[in-house]
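Structure provided below as structure tokens; questions to follow.
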Amino acid sequence: MPTTLRRAHIHRLPMRSPDDVGALEAAIAQGDIDPAGIVAILGKTEGNGCVNDFTRAFAVRSLEALLGRHVSADAVRQIAMVMSGGTEGALSPHMIVFEARGDDEAQPRTFAKSLALGRARTPVLAGEDLGRLAQVAQVAAGVRTAMADAGIDDAGDVHYVQLKCPLLTMERIEAVEARGLRTAVRDTLKSMGFSRGASALGVGVALGELQLSDLSDAMICSDYGRYSERAATSGGVELLDHEIVVAGMSAGWTGPLAIDHAVMRDAIDIEPARAALARLGIDVPGQVPAAARDRIAAVLAKAEAAQSGKVRDRRHIMLDDSDVSSTRHARAFVGGALAGLFGFTDLFVSGGAEHQGPDGGGPIAIIVERA
Amino acid sequence: MPTTLRRAHIHRLPMRSPDDVGALEAAIAQGDIDPAGIVAILGKTEGNGCVNDFTRAFAVRSLEALLGRHVSADAVRQIAMVMSGGTEGALSPHMIVFEARGDDEAQPRTFAKSLALGRARTPVLAGEDLGRLAQVAQVAAGVRTAMADAGIDDAGDVHYVQLKCPLLTMERIEAVEARGLRTAVRDTLKSMGFSRGASALGVGVALGELQLSDLSDAMICSDYGRYSERAATSGGVELLDHEIVVAGMSAGWTGPLAIDHAVMRDAIDIEPARAALARLGIDVPGQVPAAARDRIAAVLAKAEAAQSGKVRDRRHIMLDDSDVSSTRHARAFVGGALAGLFGFTDLFVSGGAEHQGPDGGGPIAIIVERA
Amino acid sequence: MPTTLRRAHIHRLPMRSPDDVGALEAAIAQGDIDPAGIVAILGKTEGNGCVNDFTRAFAVRSLEALLGRHVSADAVRQIAMVMSGGTEGALSPHMIVFEARGDDEAQPRTFAKSLALGRARTPVLAGEDLGRLAQVAQVAAGVRTAMADAGIDDAGDVHYVQLKCPLLTMERIEAVEARGLRTAVRDTLKSMGFSRGASALGVGVALGELQLSDLSDAMICSDYGRYSERAATSGGVELLDHEIVVAGMSAGWTGPLAIDHAVMRDAIDIEPARAALARLGIDVPGQVPAAARDRIAAVLAKAEAAQSGKVRDRRHIMLDDSDVSSTRHARAFVGGALAGLFGFTDLFVSGGAEHQGPDGGGPIAIIVERA
Amino acid sequence: MPTTLRRAHIHRLPMRSPDDVGALEAAIAQGDIDPAGIVAILGKTEGNGCVNDFTRAFAVRSLEALLGRHVSADAVRQIAMVMSGGTEGALSPHMIVFEARGDDEAQPRTFAKSLALGRARTPVLAGEDLGRLAQVAQVAAGVRTAMADAGIDDAGDVHYVQLKCPLLTMERIEAVEARGLRTAVRDTLKSMGFSRGASALGVGVALGELQLSDLSDAMICSDYGRYSERAATSGGVELLDHEIVVAGMSAGWTGPLAIDHAVMRDAIDIEPARAALARLGIDVPGQVPAAARDRIAAVLAKAEAAQSGKVRDRRHIMLDDSDVSSTRHARAFVGGALAGLFGFTDLFVSGGAEHQGPDGGGPIAIIVERA
């Protein structure tokens, strides 16, 4: 019964500045995007991606203002907005709008499964649970809910989980301690890493990459040999629960879009990405040629500097440079490696990758419009 | 008569810090390198590659101290030492030692031509000639001398010209003006760009890429549509003439090493480099596999941010970032693109490319040990 | 007739982030500030103060949103909002709200003159006039209008002129050229400097510091020996005319606030500021003691790196540091020098000072609540 | 018996680059400095003062090369060379040469006590002792030895202790663990902080500011309420023991030089420095006037960002800026505050101040030539 099928649309739109929502505004005005169907917006803004990067909040504020003119304030709040700072090198500032529509087209379906999107929010995370197994379990449950929302039964069909998680502030820490308990960390900045790390492990548990029973509190942000190959987590001070978006393949969705993923073992390990592209139907020996590029809807990757201080046994200086953060170095360099493969530069390459792929490498997801 | 043949050797050595000459010291101690045969040393050091980068001078001082224990001070002065600051992203600090030896092996030669090295110095450049056609002509003559030194007759056999050129200081400017003349620029920093640009044009003239009669003073650092595809020039306050090293192919040299070059049209244009690799006998569809990497002796490339503010019609932010120099962004990103192709990170990627390849792109030379 | 007198109020409010308008919101809620009376808001935000500083626009957007809930959109547009990026060192992000009220208090006036505020906007500046004498003249006329608005007859009573001026974009340049004319510069970034410089000279002309007849187009951004000691100009892409705020002393205003100014000859020349403080009634030998600090309503100063490369014959490295902009160095250092005098850190120290005080120094204005 | 008296000389010399030893060379050539009498050289170089600051090693290498032409290699090794990176703001690169000579002048002594210099080295520090009370005790003993060398009996006469301490490398950590012991930290970067902190506490114990019996291992780099007001410690990978230089007042020394110290409670607390100046005979209400400046031989201060995030209850952004290290911010700002007092910019302001003065403040020592 085709009327029950949903269909995902991906819109990759340029941004001339962090607060530039002009391309989105135009797409809405032209009817290319229905604001009511927007599930999530991922954006790469041109700040430093570190502590004092205000371009993320500025972008979110501008998106909220625009969307608030089209849908209710509550509907705006339902949209997951994940802004990632840092377009180093020739990476290009852009946003990726994930839209879901009922499919009203009558044609018989071409593909058995298509790109499926789902979202969920967890209950509020107790401060004392942050960075501990309780958070892992809570996130795992949330991911399963988002999978159900997407109509994905098989965890093997999930290729990307974007998750925003809470962090600790001094107020939250003190509230925990007033109840006679202790938080996993007292350093608010470190709490971001613990929250991202525990959340990534939770994704891994939900997807069957990891077993909750094999994990312990002590492993979180310590045993980086355990990780998810499909998680992308980021922290935000503005929420107390978890905001989860799942992207995968489902028979409940139609349309030409498909997603797959790969894991880069180090900063220049592009061949797994090439193999994923081939699985998606774009099988190219060198750089993706211009004609095929238009069929690539989105590239979502993680970049970070290897803690070993080396890439394939050659020393890198990213961790020793006190003038430029290692996360900025890593995004520029991995961005270059991936742009060399894909042939374009508006790639969603984000940093900070606790328990998200191996040290110095990271997951990469690709969404393609099938021929 | 094989005894008259020369043979080039390339040694790519890691550096643990700008003053680390330990690998070179060990190679000399083990007899792998004969200090008397060193023609040039190119190094990538981990400074910012900009005005206040003292890692270059520190490296040169350390090399001079080491070599001074093996050969005469005059012999040390003959060695061209070109340190390029900036190993952004995962680029790895290293030095490339160019050595020439008489070939004492008796076997019949396998290759018609082999990697040939030559060097030359020009007369002292008059201050009023810097950044003008007189410098272009002087450099062109110097390149021809270096070609002769290398035993290269055909300019088409030259694939890389590394050139160090002088700059203007306030003292030099005033000396010119005391003689009633005027310099091309009065800004000492800009004089570096003019000297690099005029030198690159001089290389182009020597190699037949450009005609001196088609050029004018006004085109220098202005009409960037005119450029050499084989020049790499850098300025130094320590010299008043030009120090030139030519690398190409010659029947007067033997051994398995060969060089070729390509031009990247933009920051992610890696396919021309792949084609050059194939011409050199390493024909690979994706990333160069581990087995073939060892045969790549050196990769020498230029990187810079496109003045258009775009790469393939997508905006880049390199020229707008007041926290990180565009040259640092560009080296990291282009370094990533090239490392994605070559599969290793000790690539000689340097910035500043007036009249050296097209805007936003640049020349790349590759030296390979043939099978 | 006291009812005709006006009274200026100055509110120096902390900002916890560029978009934090909480202190202003609270002051309005408590009736301490009447939004309808706000003449201007100056803010120091924590961006880099250079090209890619989005904290300024983010702050303005947040102020507009808040004020738009209290007064009409047109009234919001009337308020001059000048955000200056860069709170280096221990400078503290803050905003200074300039408010004017009718004075309804019945007491006989204590002071002959009090702080007076006036504002004006000029006609739209033709693109071809930017950076030329025509702009100087236009600004001079605008400053005189703002003086009239403030009720200041004697230019000697003006101590501070804050001015926002337009800049050239490629569109504006092309529009000029389409009319067969030429702009003073074709580089859009440089056009900001030319606009700031011409505007500062215009202030100097209006205040009698300079004579229009002594100036020429060629002197603008070239002959820095000519400057105003009371101008603070900044460029903005959002306007085509000039937005002018004048602060001085007038018998038409009442209340304890008074303003005076001084000129620092170099980055550490704090004694003129001390002398200005003494003229305002705070005569202290060392650092202003805690008790007197509360009486200092605002400190408005300019900082820049001396082009000579020296401060009192000792070399500084601000212009050679490719990792940190010289403007950031200068604000931190001058901020420290001034904080050592004033004893607090929420000082409005801004950079970029073409024709605003001598090279390496700059004007400083101080507003004090008299005893 | 005047022939037994010693006399200290202080030479503050400009540096045009990190490797510029020209002023020292000239002073030696002119007989102003006897290389054999040099006790210590402190230098401010223009690097970033952080991990990848190679200007310090470059300066030391250049000094060693120069001095090695005048005295034996062993004598060069005896000279304490402490290079501090970072001349932010208008701080000026310079070196301070501490020289001691026998006093051959016959005049009756004018001052009861004069500036006295002493040095000492401790035994090699066992890796497992670093950052623990054993290091504190070892340093305390070393400081007492240096005091004896200086002829200072009363700890109250010591005003400045410059100390270079070892750090842990992976090799050293593994050597400790091979013996079945554990080091205080396993992070090599953190080991620098622990070594500096324990050394500073050792200075405090030697000077009677702290009691060894009141301290515990757990307090090191944790309880910052305990500190020395006269210690300046820095780590170096090149030594395994401690290199100590003490400066104070002693009747065994003659000449017009005198030293005193003060403690800044925060980044703008300059009045204690003014009071110290007054005690040394330069009693000035505002900035030190030009005539008196020449009598100030050296200013040695510490700067760091307050961990509280505030200066006098106003927020600072130094710890949140991911583009510029907080240590760079702090040196620029405190440098400005002190230059505003002293009237010149070649001040030795260094960062990193574990247990060296209160949080956000730091010790300052001043050496003056008495009238």
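By written order: A, B, C and D. Residues from 1 in each chain.
Going forward, a contact is a pair of C-beta atoms (placed from the backbone, for glycine too) under 8 Å apart; a residue touches a chain by one contact, two chains touch by 3 or more.
Keep in mind that what you see is a predicted model, and the values were worked out from it rather than measured.
J.: Give me the set of chains touching subunit C intersected with the set touching subunit D.
T.: Both-contact set = A, B.
J.: So using the touch definition from the top, which pair is joined by more C-beta contacts, A-B or A-D?
T.: A-B
J.: Taking the mean of the C-alpha atoms as each chain's centre, how many Å separate subunit B from subunit D?
T.: 43
J.: Roughly how many whole angstrom separate the Cα centroids of subunit A and subunit B?
T.: Computed from C-alpha means, the inter-chain centre distance equals 41 Å.
J.: Can you check how far apart subunit A and subunit D are, centre to centre, with Cα atoms defining each centre and the answer in Å?
T.: Roughly 49 Å separates the two chain centres.
J.: What positions in subunit C touch 2 or more of the other chains?
T.: Each of 46, 48, 52, 317, 320-321, 323 in subunit C touches at least two other chains.
J.: Report the topology of the inter-chain touch graph, choosing from line, ring, star, complete and other.
T.: Complete.
J.: Mind listing the subunit D positions that touch subunit C in their complex?
T.: Those in contact with subunit C are residues 14, 16, 46, 48, 87-94, 267-268, 270-271, 274, 285-287, 305-306, 311-312, 314-318, 320-321, 323-324, 328-330, 332-341, 343-346.
J.: Would you tell me which residues of subunit D are touching subunit A in their complex?
T.: Residues in contact with subunit A: 48, 50-53, 317, 320-323, 325.
J.: What residues on subunit C touch subunit A, complex-wise?
T.: For subunit C paired with subunit A, touching residues are 17-19, 46-47, 52, 54-55, 57-58, 61-62, 323.
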